[in-house]
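Following are the structures in question.
Two complexes follow with chain A in common, the first pairing it with chain B and the second with chain C.
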Partner chain A sequence: MSNTCDPAMRDLEANVPSLKRTLAERMLGTLKWWVGILVPFGVLGLAGWILPLPFVMEVLIFSIYTMACNFLLGRLGFISFGQPAYLAAGAYGTAFYLYYFGTDPYMGIVAGVLAGFVVSALAGAVFVRLRSDYFALVNLALTVIVFYMLQKVLAPITHGDNGLWFLDRMRNTPVLDITNPRQLALLIWLVAVALWAFYKYIDGTIFGACCLATKTNEDKVKFLGYNDFAIRWTGFVLANTTAALAGSLYGIYFGFVSPEMASAARAADPVVVTILGGTGTLYGPLVGALAYVGMKDLVSRLVGNWEFFVGLLLVTVMLAGEKGIWGTLQPIAQRWVGRWVSESRE
Partner chain B sequence: MRDVPWSGTGSDGADTKALVVEGLDVSYGDAKVLFGVSLRVEEGQLVACVGRNGAGKTTLLRTIAGFLRPSAGRIRYGDVDLVGWKPYEIARLGIRYVQQDKRVFSDLTVRENLELASYATGDRNWDIVFHYFPKLKELLDRKGGYLSGGERQMLMIGRALLGNPKVLLIDEPTEGLAPSIVELLRDVFRELKKSSSVVIVEQNLPLVADVADKVYAVKEGRIAAEISDAQAIKGHAYEQYL
Partner chain C sequence: MEGNIWISGVIYGLSMGSIFFLLAVGLSLCFGLMRIISLDQLLYYSLGAYIAYTVETAIHQPWLSVLSGALAAGIASLVVERWVFYRIYARELTFTMITSFGILIGGVGAIKYVWGLIPRPASIPVDIQVSILGTPVPVYRLIIVAIAAGVYVAIQIVLNRTVIGKAIRAAVEDVDQVEGLGVDVYRLFTLTFVGAGMLSGLAGALHAPLVMVDPQMGLEVVPFVFMVVIIGGLGSIKGTLVSAFLVGQVVSLGSLIYAPLAQMAPFVAMLMVLLVKPTGLYGSPLLRR
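Showing the complex of A and B:
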């Protein structure tokens, strides 16, 4: 943690002489930190000029959606089958604003994020007191409730299964006009990079360590003087507000939302993608989203039941060591990079 | 929720505080485990609780640390009644509990484990930890899950030392450890009581006889004996309680 950039812990190095690093070491650390962010997303950004734009946008949005699940599962130890509920909260927050109140898509995104924050803050106050299987099931129940509310109870304002169409209600925006698909893709790319940097930063802070410690042994977190409930609640709200942001971006991207977004049938998707990419790893959500959306878009053109291949891939990945695609590839990549660096030095 | 600032750091020693347990009854459901347990730990004292497995020693420590709520009795630290306080509030008061299980945060490095304690207590000076356990300095970047039992115990006690704690509650610190580590802990305990009150639950009788200022023998959930005379502590036949 003190190797990264948590301001509260920087003075540790001043107090503990053995932890002091040279200026060169600090600069190298900072450089590696930014390279680690910009290279993968830069590659994907460039791929946007070669690959179909909708494919790249969907990968990016799905990676944001998976970041939330990755944080819950990898950092807090929560397996949640309720992600579609938070995704739908964000999407419908945006949709309600753009359908009933305004035309500015940026304000629509803000409305979606706020809706997700409120839903997750209220649900979190109750849900994070539960652990493991009960937590997973109560979240699944929330998904079912949200789906039912959107489809039936709130049908007069959600239009039920017909959904809400607002694509033509969004007005052009200055600077980055997100009614234009290419500029929307740029916004989604920027949001994904910013969120990824944010989660990478969180990983290096005391809060990130507290989350991981809570996952390992919450009793010991209490012994240290931390309020474990506050840690779990904050992490839960943070993750699910991220899922809501993904929902909001989906809404803007399609210009349409329907209760199908909160379908319990899709509840396992983010969990599967998280495990596929590599639970708790920083690149996992991006790699998992790429594999999942790739399967869906490319394999489905060749064969009908693409889910069969995702299942097969998941089983293979699990049998290969439960580390996910990135978790398995990372040591190999590190060895290659290490070998390349040493060869180039010689 | 009580707003409890960390009170371990900055103690000037002016206010003498004793940890006093009076008539403590604790149950797990219908099963009563502690029956009217009373003990007193003066500032700077090392108090040992001995007794066989299942006597209620760990339950006593867990109750003081706030994990179990007594059905009767009081736990006072200075003039504060701790019953009903949450574990993290008690920790912030400067009463730190080191569990028996020797499990550290396995996904975090030694450095990160110490940083967690540093941040909670506001004490960023690790000299005291390295003074007692210099080996931890070499292990800073090793993950908790890859430490030996002795190293984990060092880390757990080291983590509890940050923030200049007022009272340390340590459960079976030498259980399953190599003799060299037990020797190290013996020296640590001797020094520790100069700065903090310490309560240890221990079955290593030579260690108890060597470092304790007072011994409580716990038998079937009751205090069977209280030995506070230095000579008596060294010569007592503790085996009868094991």
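Showing the complex of A and C:
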């Protein structure tokens, strides 16, 4: 067994302890991750009582939207300038159901998610063959096409730029009443926490590892016998269905959808927020969305042009090593937590 | 009557194509040489338009204002190149794409701060019309086409006949080799970047009288410029020329057939081209990453 002549074998043996250690770390991680969820989302949930409610809802929905992009960018290595297409697919799925067919907002959300699933499953089958920048651009093309479909071509059903209003068509629902803003905020909060936990869970599964592997070296993944097309397609559909869910929640929250949602001018927003927060980090989307929405709100109230500051911040983040806000804060936070844990033990 | 619409449609498409060409050729050159995607070219485009508009209203010298627009864009691109791009040339493509997007957004914010949000009308330098086959055609649009053609010829001459141009072409093929020959490639990079910025500024200054000058104008043409570059093939000058006029015609003639088509048809075309030939019409397979 310990034939140490073979260098590859020796490497493997040298690596076994570290494998064990990462397993232990992962077990510790699963213990800690409840804390990980509860602290930031708890703070944001509490903030719902202090900060204006629309702001908190906006941050939460935006962070769901960004989680999708974060998964694409950080786990699959896809940079997509076409997220508004999927956002709009979800929003219009919900809007069509609530405007033409039913009154149950929960069914509306389901309809939106289904619409997003169908659109991303079809688009993904064609798109995931392309790499990085081409992928970004075909997605941008899809966004523009969706925008003009909604604005002009499908105008008889989408009412063009006037949009669809369905706020007063939504029925009161028994358990969590969506028509009540505070309970809607609770629902959005629950969805955000659930999605966060879901993506955290994905990270630990074989599928998550495969996603990361296709990002790093697609040939090796093929060599190991995995179907890399299926992995990327599944990841793509997963992420964009999440984006559609965010769109559907936007629709419910405003009670109104318009083609503006699929506007190409907003196409880079989720990518920017992902990078602002820290690509591939778990809290990145939340921190990024908070910083972005907060800055947009605050700066546009104080100075008037938020673009300048967002641009400046983005360039600074990129030049500082593209770790993002959370990527920079994380080591500091970990040191704090570590010190606090060791002190409380003594 | 029917024929008149088509002729003016073609002329309109040609002038749109010229603007697209001036914008896209900079992006394409930057990609070919430095392997960066420089979205901030669109900022120099808006800046060129705004400076041209401001100088025009101040001294009423239309062609001088166009020139000053291009110069101001060149200066701005030099500053950005020194401060930002100089540090990130070695990074991967998506990195430069996102950084330059940050510059674009920040620049749009700065423009909003200086000139305000309201779109401004810029006056046309030449408002004579000539008759082509009985159709009145604005001379200004023909001048734009002529300028674009001139720029194309000038770029070809510089790239094929001068030492610097030959060094640039060689560096597109293999940067390390050229550096090994003792050429300061970073000087080539700066030169190309500023040249691209000036062309974008020229495009903005020329386009300003045809559209309203407004802060979002750069963001509005982003999809089209990208499309031109992608259809033509990243890094190919000839491909950029062909696809710019192609997209110009598709936009212009498409809108005559069915109005919503104008904005959508080019994207459908791009999707088709990309799925069939991912390197674009003239993109060399060497440039595939």
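Observations on the structure shown:
Just so we're on the same page, the second predicted complex is superposed on the first by the 315 of 346 C-alpha atoms of A that agree within 3 Å, B and C clash if a C-alpha of one lies under 4 Å from a C-alpha of the other, contacts with A are read in each partner's own complex, and residues count from 1 in each chain.
Simple rule for what comes next: contacts are C-beta pairs under 8 Å (C-beta built on N, C-alpha and C of every residue); 3 or more make two chains touch, one makes a residue touch a chain.
Because the structure is predicted, anything quoted here is derived from the model rather than measured.
When the two complexes are overlaid on their common chain A, residue A:Leu137 makes contact with chain C while staying clear of chain B.
Counted by residues of chain A touched, the larger count belongs to C, out of chain B and chain C. Shared-chain residue A:Gly225: touches chain B; no touch with chain C. Of the two partner chains placed by the overlay, only chain B lies in contact with A:Thr216; chain C stays clear of it. Of the two partner chains placed around the shared chain by superposition, chain B is the only one that A:Ile206 touches, whereas chain C remains out of contact.
In the superposition on chain A, contact of A:Val337 is made with neither chain B nor chain C. Residue contacts after overlaying the shared chain place A:Ile79 against chain C, while chain B stays out of touching range. When the two complexes are laid over each other on chain A, chain A has no residue in contact with both chain B and chain C.
Interface of chain A with chain B (complex): residues 1-2, 8-9, 11-12, 15-16, 18-19, 206, 209-210, 212-213, 215-217, 219-228.
Across the complex, chain A meets chain C through its residues 79, 126, 130-134, 136-138, 140-142, 144-145, 148-149, 151-153, 264-265, 268, 271-272, 275, 304-315, 318-319, 322. Residue ranges on chain C touching chain A, taken from their complex, read 37, 84, 87-88, 93-95, 97-99, 101-110, 112-113, 216, 219-220, 222-223, 226-227, 230, 259-260, 263-264, 267-268, 270-271, 274-275, 278, 289. Looking at the complex, you find that chain B touches chain A at residues 1, 6, 65-67, 86-88, 91-92, 96-99, 103-108, 111-112, 115-121, 124-127, 130, 137, 140, 159-160.
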